[in-house]
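In structure tokens below, several structures.
Both complexes shown next keep chain A, but they swap its partner, so chain B is in the first and chain C is in the second.
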Partner chain A sequence: MANSGTQARAIPYLFSLPALLLILALLLLPMLISLGLSLTDYTLGAPDVEFVWFENFERIFTRSTYMKMLSATFWYVIIVVPGSIALGLGAALLINSLTVGKGFYRTVFFLPVMATLVAMAMVWEFMLHPTLGIVNEGLEGLCAVPGITAIGFFETGCADGFPHWLGERETALWVLCFIGIWQAVGFNMVLYMAGLTAIPRELYNAASVDGADSAWDRFRLVTWPMLGPTNVFVLTITAIRSFQAFDTVDMLTEGGPSKSTYVIMYAIFEKGVQQNLIGVGTAITVLFMAFVFLLTFLQRYLVERRVHYA
Partner chain B sequence: MTSDTATTPVSVPRTGFPSIPWIELFKHAVLMVGALIVIAPFLVMVSTSFKSQNEIESQSGGFFGSQEQFVDHFCAANNPAEECVATPVIFNYSTAFTRVPLLRFLLNGVIVTVSIFVCQVIIALPCAYALSKLRWWGKNVVFGLVLFCLLIPIHAIAVPLYLLITKLGLLNTYASLIIPSTISVFGIFLMRQFFMTVPDDLIDAARMDGISEFGIVWRVMAPTAFPALLAFGIFSVVAHWNDYFWPRMVVTGNEMIYTPPLGMRVYQADLEGITYGPMMATATVIVIPLVIAFLLAQRRFIEGITLSGMK
Partner chain C sequence: MTSLNISNVSKSFGSARVLEDISLTINDGEFISLVGPSGCGKSTLLRIIAGLESQDAGTIALGERAIDGVRPSRRNLAMVFQSYALYPHLTVAQNIGVPLTMRQLSHWERLPVVGRFLPGAAAKRRIIRAAVEEAARSLDIGHLLDRKPGQLSGGQRQRVAVGRALVRQPEAFLLDEPLSNLDAKLRVHMRTEIAELHRTLGATFIYVTHDQAEAMTMSDRIAVMMHGRLLQVAPPHEVYSDPTNIAVAEFIGSPKINTFPAEVAGDGTAIVMGAALGRVQNGYRGAATIGVRPESLRIGQPPGRLAGTLRHVENLGNEYFLHVEVDGLPSRVVARVGHDHAPFSLGAPVGLDWPAGRAHVFDQAGGQIGRVNGAVSPFVGVVNG
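Our next item is the complex of A and B:
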């Protein structure tokens, strides 16, 4: 009996051992290695390694390549996050208030979330092709509309041709942001739809008793405050996902033209893997991890401090 | 559309005709514009995969193309012209499968995603069971560790993992695609949360029947957790079928272990003078399996993919 008791006591450890080992080997250790290597000039195949301390980080904050990386990442996140959240919330509110067709719109808007992004990136590239693509063809068609050349964009576009989108420094990042938003809207919409159904109907009745009659009043006084937890969650997850943008960059621009789309995840890949500059690659990784942890702690803080209504 | 049925909350004026629900129509108009932009690349992709290169370049042929037969010049260079007559749609799709081993890519996609999911379940379920239904010293520490690891995105540890794979000599193998994803702390967390809701009586009854703890995990808990497992399965399979970042790092040569997203790279390499028809056919073949599965089981998919919302 004593033997079987010992066995029973060992069972929880046996059950969690494989998971624990893998967590250590594939998650915690690599993270520590990242931290360690970021302070060195390590490269694969080099005979010796030297500690360079914060030289890699210093480089990130002084060299123009990395300044461009920070700026591209910043603009990508700052455009995609509010864009996809606003459109996701808007779509959720509109769809939720419909009498017919809810399921149809939900399905359509969710399609890009499912679809393989690299394949769809190639389709967007084809659509944005300067001569064959339907985007510029459509824009040229609009030139026939009288008075449209009053808009600056069309004035230059109709006269000198429309942008080469992915080939130009001024537009490439915008295109990637657009594709990023295109993909994320459906995801955010579904989260908001779940958040909306969780709002008790009585609150709207109570608000209307108190004189909140217009749709805007209902939104301002009931919907928006009650969506607090959903907002915080959607904001964090969209931000973290935007920081991870890689597929479209590698497929469509490879960081160019002139580093205008050199986002952080592509920089990690290019430095750490393609150019074998492990030290710099891991230093950028550490920076990325800092962003992610910061965002998550901000989320936890907000959830605990401000957004508990229900 | 339904404004003439009695059940809609539309006020009916005295004339007997229903008033036109302008607001509802306006909402539909806005959503339709959005839906059109969202769905446009899918339509372009499918339509282009039906067309001949001439129709693509002259932007003609309607949605399905005219399907007029043409002579494949590449083939005609070495063969008599009459053997090289092709119908655009057949040409595009057969080129998609013959120019690159697309079938092999799809098979690789299945092998990798299924192996990853099976490993994740085998490793996560016993741990989740121990964390939810057994009492032991150190349980809270392990659970704390799981919660902490939820914060680590694979992107953040990609470079050291890549070093590990390289040092082990595993670049360009299935193992390199599968191993880093065998542990899913999210899976452990999710199954633990689900197991917490399973009544202890069920487990006690199983113990009375002489089922071992191991048997309880696989023959009692796993079947009970089927809905959660299914949702997690969809989450895992979709994520890894579409994943491009990790395969891009560890598969550098060897086309025979390309996953479907890597298959698209073949077309990226030679954009000049490219044949868009076969390229779009390839994209369609890669995207369509998940889209069909999604259309068949929408609720499950939306549930599964937004699972990360449970953290």
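Our next item is the complex of A and C:
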């Protein structure tokens, strides 16, 4: 009898064993390995490996290349996240207020999400070509408009040529941010539209009886608070996806000019894959994982507790 | 305060006519129930009064002042919603205070943090806080002011919703099925509380419900609605004892009124399934329906007025519902008798009887039950007894 009791206790663990093994093999082990590798000077195919301890991390926080990496990543995230969230919410509110054509606008805004970003990046590259691209051609066309040179941007642009967008240190990162926002807005819009449908109509009725006369009042009293859970989700997802920006950088700038668009994902790729510096590459990866953990932690323990009203 | 005048209001959603030419005057301080089966248009009428929908035709006026096209918030009417519609992110105190903060504080004063430091804002907030506490105290929820709606029971949420309506001191309260989300016991309790609240405040209450028992127990007057029309507007006892329409008679009262197909002969004799039951002192002749309330029926030895077989007995402790099958009737006749009634044996032949003047006769103009212009009731003068 005692034997069968032990068996009965063991059964639940047996059932969860396959899942545990898979989690271990596919998620935890690779993370531990990269954690270990980040402390070495390992390169693929090298005969011997040496522990260099925190030398890789020291490099990341002292060398100017990596400082540029952190700065580019920081600016990319700090611009794309609020930009795409605000525009996504705005688009969702506008589309939601429509009576006809909802499906049309939803599809149009969602197109960049469904399209392959690599292909889209190529189109952007054509459009942003310094001399042949539609952007600069269009801007040059505007030079014919009388008085437009009063605007500083056109004054220099019409005289000395418009910026080379992806080829200049001052503009490249902002152009990438713009494309990042363009791509993320549709996704955020769909999430917000789902969030908006979940708000009970009676709350809006109550708000208008209670004196919330303007659209802004209703937004402040009902829409924004009720979107709390959606906000947290959208914020986390967008932040993580912005940290992961890679395709456009690889296609359009390769981190340049002069490391101005050297975002963290691209740095991992360049160090770890292209230059075969696995040690440094994994060290950056560990840093990246730390960011993502921090974000997830923030979502889980700080924000989520304050936005669910159950 | 003033009366509320609804005149000739109609409303359609697409091709569905929801309200057809509704006219109703609600007196100052009256408790009126709009009652009817779901889909009869009662909630739509309430939402039109509140300003949440607009009517296609007709006028709503508070006293002499037409309020069509006036924003819901400017009508000075408060509403309690079926789902309570509390703001889940606000505390109970903030929820109750919303109608006051939205009206009395400016945009700037309502801003979080900054708003508190504007001159005058603190004083206004103190006044609002006092009003909220007063309302909460009168509803016995003073101890819940700092909780969120999510932490409250259904009954407590209901009180908060009433409090939010109360705090504005509106001209009239509009209540949209406020008790239907509560369990049966609490519902009966809140019935009394709302009726008492109405007595204390003396304000006009317009109460929408599909539950005829709520309408009967709380109202000064009941407005029975069906298919977008007002069938009868009268005090509860009158709607019950003198329904103007067979649909009203069938909707009000539980168990349902018993109906018998009948024929009023040339001399005014009412004939049910070949049996002459009495005389109708009215000019009406032809096909008719006779309705008898279950408590008016007496069960005795056959034959009585109508003969049948006892098929089922429901024992409610203080009374019995007897189900009697009568040959030729599609549904069983239900009689309600006291607990001191003689013992029954199922399957036994029984005779049905009722006192003179307790049967209602409804005409069948155009062959349609429910399209009557006043019932031919009461059914008076029993001959051939």
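Quick note on the criterion: the second predicted complex is superposed on the first by the 282 of 310 C-alpha atoms of A that agree within 3 Å, B and C clash if a C-alpha of one lies under 4 Å from a C-alpha of the other, contacts with A are read in each partner's own complex, and residues count from 1 in each chain.
As a convention for this text, a contact is a pair of C-beta atoms (placed from the backbone, for glycine too) under 8 Å apart; a residue touches a chain by one contact, two chains touch by 3 or more.
Everything numeric in this text was worked out from a predicted model, so none of it was measured.
With both complexes superposed, B is the one of chain B and chain C in contact with more chain A residues. By the touch criterion defined above, A:Pro18 lies against chain B but remains apart from chain C after alignment on the C-alpha atoms of chain A. Look at A:Ala144: by the touch rule set out above, it reaches neither chain B nor chain C.
By the document's definition of touching, of the two partners only chain B reaches A:Ile134; chain C does not. Of the two partner chains, neither chain B nor chain C is touched by A:Ala159. Contact with chain C, but none with chain B, is seen for A:Asp210 once the two complexes are overlaid on the shared chain.
Looking at chain A, you'll find no residue that touches chain B in one structure and chain C in the other. Listed in rising order, the residues of chain A touching chain C in the complex are 200, 202-203, 205-206, 208-213, 217, 220-222, 225-226, 228, 309-310. Listed in rising order, the residues of chain A touching chain B in the complex are 8-9, 11-16, 18-20, 22-23, 26-31, 33-34, 37, 44, 87, 91, 94-95, 97-101, 103, 105-120, 122-124, 126-127, 132, 134, 137, 182, 185-187, 190-191, 194, 233, 237, 240, 244, 246-247, 250-251, 265, 268-269, 272-273, 278, 281-282, 285, 288-289, 292-293, 296.
Taken in their complex, chain B has these residues touching chain A: 1-2, 8-9, 24, 27-28, 30-31, 34-35, 37-42, 44-45, 48, 56-57, 59, 122-124, 126-127, 129-131, 134-136, 138-139, 142, 145-146, 149, 151-153, 155-164, 166, 179-180, 182-183, 185, 188, 213, 217, 238, 241-242, 244-245, 248-249, 260-261, 264-265, 267-268, 276, 279-280, 282-283, 286-287, 290-291, 294-295, 298, 301-302, 305-306, 308-309.
Against chain A, in their complex, chain C makes its touches with residues 47, 50-52, 71-73, 77-79, 81-83, 85-90, 98-99, 102-103, 110, 148-150, 164.
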